[in-house]
């Protein structure tokens, strides 16, 4: 049960994402049927630069519904249950998370917060606590199995597992939901762990679909000012006057 | 402005849909990280039959959330605004629809209901009405343009356009939302036009992902009985006793 | 079948909306149980001004999730099917709309666009078109009934009904969804009819819950600039530099 | 930091819920404007029995969208973070949850699983683990505060807090989402703690709006059979043949 760190990958995404967004936008203002345009789009009749330029302008003016047609599926490991509880609060998304009811946690991994890692005394205290919990989990699981709880032993023993326990999760979000996710979670006011996840996700998204994600990030990036109060602003952008 | 008929195509869908659903389901019950399994899945280490069998069993037991990771994008033409108004009531979906505010409808196409098509007198009445409306739209557009309404002339002239007017739309739904769509719209109680669209969509979906859509359709298909009241049941399945 | 105009009323709303939002916000940062605070809130232990001030500050800093606990149910009449098709595109909402399949439209009311109303020639053309359609609807309904279509006669005859046809609808939105609705639909770029509806709704909301709706409206009101492109900006606010 | 148990209350709900659902259903099939009917409904012109009978029939036939107009806001205490992580997976809902980043957990309460409570050895092991964690949390918080982390000390110290830690939450769901919640969470396959919460919620809902919640509960109650596989079925209902 070593400390582990965040690893997130795009497992899958909608193919030809730029062409799809371009085609969907065009269908709104175009008299023809977009299927007739689709093959031409894929064969390069409209250059990727031209598609990107068109899409960029419409997104900038605030009309972002067609980017919903494109979804990304991520798989993450090395994240804590503290993080995943925040993650699943994003409701325009789909989640498949490792279950603590079904998966044995006898040798659970955990996330070690950086601020604790760099203070030796705190680190020792944290690690001892992880060991205490591992021991308690094992004992409880055994005692409950003796009581005939069978598979349900894990379900109850896990009540001692810490928020730091590693979890693994597959999740899908469309681009519009992702922009919202980045607005909230790339902000310095967000908790460090989910902010780190968001930054890694954003890097991956930028590679696949730069036109949508180029200027994505904390709200201040698009607003040009920080909406947080004086107490919470990080100072990168001025507050709204 | 001829009558037109429904044409719907899958423009795009999540790639490797079966493997993705299988991987997401497995992540819930599996201690490892699904990314490590993903390459093996794509290279055939678990046969498609085995994947399908696993997925089929979990869906049958009512646990359908992992099928949300897979989305289909459809493009439809030859459908009426009467249909599209019903379609967009499905809220777990994304839509990009041809705008009557921006697209000129001077020579609009229309959908001719089959029950009207087969009665010559009704057909003549319907067609005359379409002509009257076309004429009125043209006149109104011209008069409003003279009044200096510019592009907004279309926006107001379109108030005379019939529910039968053809529209074109790009829409994306995930598999779970699609199953719900088929439950409601493949039912004989649904309006004929949206039922026809639903049947065409279902055929396409079955080809791509049979394990999910094999038994999809009206609610009665999975329930084994008809939930509608005596007045509305079609008789294909017995009512609940 | 006279022209009719928009009438929208709050039919119902979550009771004690300010206290509920205050309590929900406080629960996030408060060690106690909010139920213990609830009776005190209702009996005035925290003044409405103090509650409003607290809520205002948190909303301004962009944390709006607790306002979702409060919903408004509206009933609207005197709106067109052109409007309702736009309205139901707002997906975080619930709708119960008068059905053209079940309700007889032999003497349908309609919405007369103001730009048409003030041009006598256009008005005459529009009104004649409404009469032509009324006549066609009546004939088609009768012919289809003779063909034994029964109740389904209305379902097909309605294909001739214009976008201008009046509809009635009951709809519920929570405050967060309403703020989004107003951002898009109070903008001068929105179509005149839905903008008018949005303005009427906003007036009603302001009376019930000023702290949430005081500064609601088009996006520019909160952004301080217009996000639209040069072609579409109305000029009330400067564009983003 | 004693063990605590689940306490859930309806804090608020849409007023006149039966009349609202009746009115919304009626608006779909009625030529008039429902606002004109509303006052008569509230004054008893249609008896509550008649309203309930109408609503009951439409719900039974599977048309449940109008029940969405009615929402319930609950406040819960005495529930674990293990439970709340499951709860917030229900996405058609609004949540305001006590934050472990802002609320001091130096003397956190916890949920003691019944299967552990009745085994003295397991109970002792569990309680010792809670004490170990409380001690570690206190030490970490102090060490991090000394490091100048200020308020953020809580944010990192909380990584040791167990899944058993009590949380408090305010949440709002509409009736349709509640029916879905009960289908999944009143099932014996659901985890004991969230099932207990669901049962308490259902009791409260039945008192306020019996017509909607009378037959609510696990899926088997409405299906008449158990959709789970042989391994997981509880035997109360036969499996589908």
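In this document, chain identifiers A, B, C and D correspond to the written order of the chains, with residue numbering beginning at 1 in each.
Note that in this section contacts are C-beta pairs under 8 Å (C-beta built on N, C-alpha and C of every residue); 3 or more make two chains touch, one makes a residue touch a chain.
Treat the numbers as computed from the prediction; the structure is a model and nothing was measured.
Pairs B-D and C-D differ in how many C-beta pairs touch across them, and the larger number is found at C-D.
Across the assembly, the mean Cα position most removed from that of subunit C is the one of A.
Centre-to-centre, using mean CA coordinates, subunit B is 33 Å away from subunit D.
Computed centre separation for the pair subunit B/subunit C is 25 angstrom, with centres defined by C-alpha atoms. Averaged C-alpha coordinates put the centre of subunit C at 30 Å from the centre of subunit D. Counting partners per residue, subunit B has 95 as the residues that reach two or more other chains. Per the touch definition, subunit D reaches subunit B in the complex via residues 57, 60-62, 219, 223-224, 227-229, 232, 240.
Contact residues on subunit A toward subunit B in their complex (touch as defined above): 7, 9, 11-12, 14-16, 20, 23-25, 27-35, 38, 65-66, 68-69, 71, 73, 75, 77, 94-99, 102-104, 168-170, 172, 174. By the touch rule above, subunit B contacts subunit C in their complex via residues 80-82, 84-85, 88-89, 91-92, 95, 100-101, 110-113, 115-116, 119, 121-122, 125-126, 128-130, 132-133, 136, 139-140, 143-144, 147, 149, 152, 155-156, 158-164, 191-192.
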